Structures are given as structure tokens and as C-alpha cells.
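First the structure, then my questions, so here it is.
Naming follows writing order (A, B, C and D), and every chain is counted from residue 1.
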Amino acid sequence: MAGFYDSADAAVAGITDGSTILVGGFGSAGQPVELIDALRRLGARDLTVVSNNAGNGDFGLAALLTAGQVRKMVCSFPRQSDSWVFDELYRAGKIELEVVPQGNLAERMRAAGAGIGAFFGPTGVGTPLAEGKEQRTIDGRQYVLEYPIRGDIALIKAHRSDRMGNLVYRKTARNFGPVMATAATTTVVQVGEIVPTGDLDPEAVVTPGIFVDRVVEIR
Amino acid sequence: MSLSKAELAATVARDIPHGAYVNLGIGQPTMVADHLAPDRGVVLHTENGMLGMGRAAVGDEIDPDLINAGKVPVTQPPGAVYFHHADSFAMMRGGHLDVCVLGAFQVSARGDLANWHTGEPGAIPAVGGAMDLAIGAKQVFVMMTLFTRDGTPKLVPECTYPLTGLRCVSRVYTELGVFEIEEGGVRVRETFGITPAELQTRLDIELLQDRP
Amino acid sequence: MAGFYDSADAAVAGITDGSTILVGGFGSAGQPVELIDALRRLGARDLTVVSNNAGNGDFGLAALLTAGQVRKMVCSFPRQSDSWVFDELYRAGKIELEVVPQGNLAERMRAAGAGIGAFFGPTGVGTPLAEGKEQRTIDGRQYVLEYPIRGDIALIKAHRSDRMGNLVYRKTARNFGPVMATAATTTVVQVGEIVPTGDLDPEAVVTPGIFVDRVVEIR
Amino acid sequence: MSLSKAELAATVARDIPHGAYVNLGIGQPTMVADHLAPDRGVVLHTENGMLGMGRAAVGDEIDPDLINAGKVPVTQPPGAVYFHHADSFAMMRGGHLDVCVLGAFQVSARGDLANWHTGEPGAIPAVGGAMDLAIGAKQVFVMMTLFTRDGTPKLVPECTYPLTGLRCVSRVYTELGVFEIEEGGVRVRETFGITPAELQTRLDIELLQDRP
């Protein structure tokens, strides 16, 4: 049952050193900046962060990297025009990087949330990112065996929540949020607005409240 | 005359079927959209979770929650829909898109694609959706210059850069010609300001010159 | 690009003998009765039908079975209080049956639509329905390898379509429709209403038009 | 006194945690809902695609598009949401539900469940969601009579009926007692109208009688 918190700091309380954190967002869209800032203030260290990108500019995820709290990034696209924080840490050997194709990143988290032990996916066959992985030809097509990516914590951003923790998102800010919500032991969500239960269209809810543990409204 | 970038984009656009579902990779392929008239009914997919993507947003239209895979703000025309990342990539990987248009460092004669990594020692690896896009459509069109700045061919017997996908490219659009990757080899479909014979002298692969 | 048809008969035209047909619905909810009736009138035979149940009463899927057009049913729950048509054919040895756990049925069709070659699922380990299947222990848990279920045709029912073929469903009639739409070469949909493009909430569309080939309005 | 069916349902309901997400299997487990007061905040899942399912619908409330897994019309209270079958079973198989309550033909001492098939030669096999439900929650509660009509125990050393799931049952609720399936064996949690010692004489499994 989702709990409701008064501040981002309260919502991230208890996240421990060494945790694996799934962080929503594609670039800045859907990035839960206030939750990440609270995680920075909390000071948990030695974190593994799973996120599509490795931070933009000097805010949010980039600021968490600057604070030296992240041991390893798992992402599809660390290198962006404004990813100077990550770039510098990486070149200085101060952060580990695991590059995962974007579709595998999404599908492997979905597998974690859906109880799938592993799956044969079509992406990356014959490329360096499939080296050392189990491969199999099925029905004449080659596949690579991929394992789930689970998080201890997911930090995501949604548009609205009701009091059951049901979530709707906004446009392409939806991106990884719904998948990460299913793949983490504890899912923490910042929403633009908490609305009374019954105000969300039951046909349009994207993340049912069962996947949501903590909600904080950040207007 | 060889084609300008705009002409090349127009040439790719010309070959996209009416009503096709298409993903335009970031960079040069994005320009193809400028040459797709609305009455063509082409529906654009962006892998960050939208089908029916509109043109680049300007002025007040800009909404940080509405961007394409290149993180450029776009618009939401009627009929657009949103979905999450796993659904978006399932759509690609399941082979539902008709065409992906991608840039490339190299394409091999059998359709292998290299477009994500130069393999340079200092480079930070970043694949994004490239490997999913490479296998994520019924047809993969590559748009690239035929030669690097120093004159080295990019349509090659074997890729020397790290691969993005195996045997996945169906057609290669360049400023000098359009090439079809077939079972039997690479066929010249059309040339621009150069004869097929001249093209052959500048490439290290055997070109099939005539439709059978 | 979705095509729009004037009648159920026109929408199912061209379905050939020996096809595998995915048929939506959970019991009667979401069952595309008018499309099934049209398939019966079309007369295609030797069909394999994949559907959660094996028909109710004497209508829809049950009537298709009565007509002798179905060689094999793939379903999770053929035996219901009103499944007398199937029961009689089965006991007379006139129809084949493959029983698939309901979650595997859904996930195997999802795999077909998502380009997954096979997946290790947790359901059915140690039971007769996993006999002869590849098994593997991953992270201390046992799994069974499951393969995709693809259809030549999907016949489904949705609530509304716009002119792009985008679909919304209604309550629990949604059930297998969205998954089947992704898993078939040709997806045929009967909808209660076709609305102008732009009238559906882009955040609430469940099946994007890319998965839809033919639409017919059955009021 | 042994428990009536309603009392048994009330006993199961009593043990469901506040705010739990719960799937009630078809048949007898459905009765548990009648004993879950709204202030308990228990959220019901039905595997045909709904979370926050309401009570059985009556009269004008009946809507053929709104049914539970037993195909009984139900209602849609505020906060209910819908999803498709793959998402619904992913929710179960991913272990997100707190409790499933199921009926059973047999449960073994190590928690194996048999509830889908009697194994009779003429029976038409039909599994539905049983195998997914069996492994689809953090805890699986079974509700059943402790004995068949002819007096044969249903809590057994080894199931003789075809299995639904291996080592998946956490607790068994019967009219005569509640049993906890533990690593070391079956522990009697409480009894109704019978002493633990008497129960032991009627069962072929060794019962652990006291909390350690």
C-alpha cells in the first residue's frame, strides 16, 4: 500500500549504501530531479545507478555523480552533449560503466518485474555487447540470453497519483517510469499532483498502485 | 551532380511507402521528415515512447515532457499516442515498424552495420537504441556519405568498426548512389553524378550492376 | 496502416484454411462474436484457435466449433459450465486440445509480438504441463523455457478506434485483446464505435494503430 | 465446533494484513471478500485484468464487460484500474501480490499444491490461471475441507493428484484447523472443535504442535 510523504527527503529516507537505484527519465524528461537531490542530501554512497543516461548538466543525476556517491552506472547512452560530469569521472577512472542497449535495459527491467528468469532477445547478436553471453538459434534466428535487472529502489517521476498510488504520466516523460516501478523492491515516486481516489480514469492509469511504495507531491 | 544532404533526405523520403510506420534515427535521418508530405500518411515512431510524432516544436510549443529520441522538443499531432519504454522497444524488436532510417560509420556488403562506436581507445561507449533499431524494422535504410573525409569507402567488404547489427541493412543511401543489399551481393539501384562503372573503381566490393 | 471495412464479412475475407487464429475474450467479455460469425460464414476450415476458453453456449466461438471448422484449440480453460459444444467434440475425439496455463498463454503471445525468441518462466515447474520442456535453475529458482505463440490472424474486440486504428477497450473486456493484436500477422478488430482521429486521449490509448490492420464498426 | 464455510472465510479474512493486495481464487475463496471490511484497505486483484475489484454486481449494476475471474459480474469502486492479460499475469508472476487464496484437492506436507485436475481419465483438462496463481504471490493460502467426503485426508505426505505448483503453499485453512507449512514440516496454528492430538491421529503426516 502506497505511503504519502511530505518531502522528498522523507520519501528517500532509509536508502542504504551499496543500493542499486533505478532512476527514471530519458535525458531530462521524466528525471525525478527532486528525489535525486534528496538522495544526494541523504548521502548514501557506493550506489549502482541504472538509468538511460548518465546525467545532464550539473543538476539531478549529474549532481549525484559529482558528490561521488555513485560507484557504477548502468545505462545505454552515457555520452551526451551535456554529460561533462560523467565524462570527467569516467576518464579519471572514478566511475564504472556498463553499457546496455536501450531495449535490453527496458526489457530486462520488465523481466525483473514480471518474474521472468531470463529471455532470448534479438538485440546485439554479433556485436561486442553480446560477447561472452549465451546465444541460441531459434526458428532460424539468432538470440542472446539476457537476465533481469532488479533494483533495490526505483526513483521515478509521474504526472499524477491518486491516494491508492495509481499513476498517470505525461507525454514522453513516461519513458522508463512504468517499467522501473515494477522492477524495484521499493518504488518512490514524485508526482506533480496528488488527486482524490476516483479522479483518475481507470482505463488510463499506467502504473497500478501495487507497484508504488512512496509518493511525494512536488509542484 | 552528387546529392546535397537535403536531396538525399528527399530521396529516402521518396522511397518510404505510403502509410508506413517509420523510425528516423537521430542526426541526418531526422531530415527525412521534412520531405514526407502529410498526405503520404507516414507515421513516425520515436523510441522514447511515441507513435505519430509531429515536427520539431517552436516557441510556445516547446514542452520539456515532449521530446524525440534526439531529445529535441517535438509536437503532438492528432492521433499521436504514448507508451512506456518496454512497450516501445517491444514494438521495434517485434518487427512491427516498416522502415528504420539510420546513419552509419560503415556498412558491409552483406548488410552488417557499424554505427555506434568508432572503437577508438579513449571513446566513451554509448549505444542508446542503435542495436535495437538495427534489428527493429522490416527494412533498415542507411543514410551516409559513401566516403570518409579522407576518401576511405564506408561501404566495405567487412566492417572494421565494432558492429551494431549483423546482416540487418536492406538499403544504403549515399550522395553518389543508392545500393540494395541482396542475398547475392550489393546492387547499384541508382547513381548521382557518377556512372556505376566509376563507382565500382572507387569501392572495394563487387557491385551488381543490373537488375536480373 | 489500418483499413476500415463496412462489414464483418469484408473484414475477415481472405482468411485461409489451416490458419492459426488468436481469438480475444475471457468467457464472453471481449469475445469478438460478430467477427467469429463472419469467419464461420467464410467457411475457412482446419483452423487452430488460440483463445482463453473454448466457447460458451451455442454462439460465437462455440458456433464455429459446431460448424467443424476448428481442428485444434489452444486454451487455458476449455471446461466451463456452458462449454457443452467443446465438451462433446472433445469426448468424440473430433477436436485436439492443448492446455496452456493462462499466464503462459498471455506471456507467450506477448513474446511473439515483442521479438522474444523464448523465455524462462516460473509457471508450471514440477507439473504435468512442464513435462518434456527445457528447465533451468536461475538464481536458485526453477524455470521452464516457453516459446512464442504467433497467430496468422487475431480477431479481437475493442471499445473505440480512431481513424489511425488506435484502440481503447472497456473494463475487463480488455483482457487478451492488446496482447493478441501484437502477436498476429493480421489483426482484425471489431469496435463499438469509430471516432475521428484526435478524439482519443493519447495517454489512454492501449493498442497503438501500428498493431491494427482491419477495423469494422459493430454497434 | 468445527468451522462453517462462512466462519472459515472469516478466519482467512482475519489473517490478511491491512492494505494487502490479494487475489481470491474462484469458488470458496471468493467468500473471503465478504469478511473484509472496507477500512481494512485490502485491494483485490482479478487476473482477468483489474485491481481494486468491487463486490458482486446486482441488478442494473451488471455489465457484461466487468467480470471477475469466475466470470461473475462485479462492480468498479473508486481507485479501480484495468490492464491487459500479460500485464495482469506479470503482476502475479513477478511476486507483487501479498496473498493468493486458493482452493485445493490436496496439499502436501512440503507445500505442493494440487488443485487443477483430478487425474481422472475422462476429465477434460483445464488449468486456467491456477498454476500462475500458485506461484504468484508472496504468500499462498489454501482454503479447503481437511478430508474428502469419504474421510480421506487432503493434507498429505505427497500429492497423488497432478500438481499445480511445487512448494508454493504457505498456509492451509480448514474447518478443523489452520496449518503453517514450514521448512521443518507442518505446524498446527490453531484448531477448531478438535485437539491437536486428535488431529494428529487422523492425518498421515507428522504435525509440529508447538511454536519453537
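The rule is simple: a contact is a pair of C-beta atoms (placed from the backbone, for glycine too) under 8 Å apart; a residue touches a chain by one contact, two chains touch by 3 or more.
What you are looking at is a predicted structure, and each value in this text was computed from that prediction instead of being measured.
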Minimal step count in the chain contact network, chain B to chain C: 1
Intersection of contact partners for chain C and chain D: A
Higher-contact pair (C-beta pairs counted), A-B versus A-D: A-B
Between chain D and chain B, distance of the C-alpha-averaged centres to the nearest whole Å: 54
Chain A and chain B, separation of their C-alpha mean positions in angstrom: 28
Chain centre separation in whole Å, for chain C relative to chain A (CA means): 33
Where chain A and chain D are represented by their mean Cα positions, the distance between them in whole Å: 34
Junction residues of chain A - those touching two or more other chains: 107, 110, 114-116, 121-122, 169-171, 202-203, 206
Chain D: positions in contact with at least two other chains: 76, 82-83, 90, 92-93, 135-136
Pairwise chain contacts, counting only pairs that touch as defined: A-B, A-C, A-D, B-C, C-D
Chain A residues within the chain C interface of the complex: 107, 111, 114-122, 136, 138-139, 141, 143, 147, 168-171, 201-204, 206
Of all residues in chain D, those that touch chain C in their complex: 46-50, 63-68, 71, 76, 82-86, 88-90, 92-93, 112, 117, 122, 124-132, 135-136, 162-166
Residues on chain A engaged by chain D in the complex (per definition of touch): 1, 110, 112-116, 162-164, 166, 182, 197-198, 200, 202-203, 205, 208-211
Residues of chain D touching chain A in the complex: 18-21, 41, 43, 45, 51-52, 76, 78-83, 90-97, 135-136
Of chain A, residues touching chain B in the complex: 26-30, 52, 76-80, 87, 90-91, 97, 99-107, 109-110, 121-129, 142, 169-179, 206
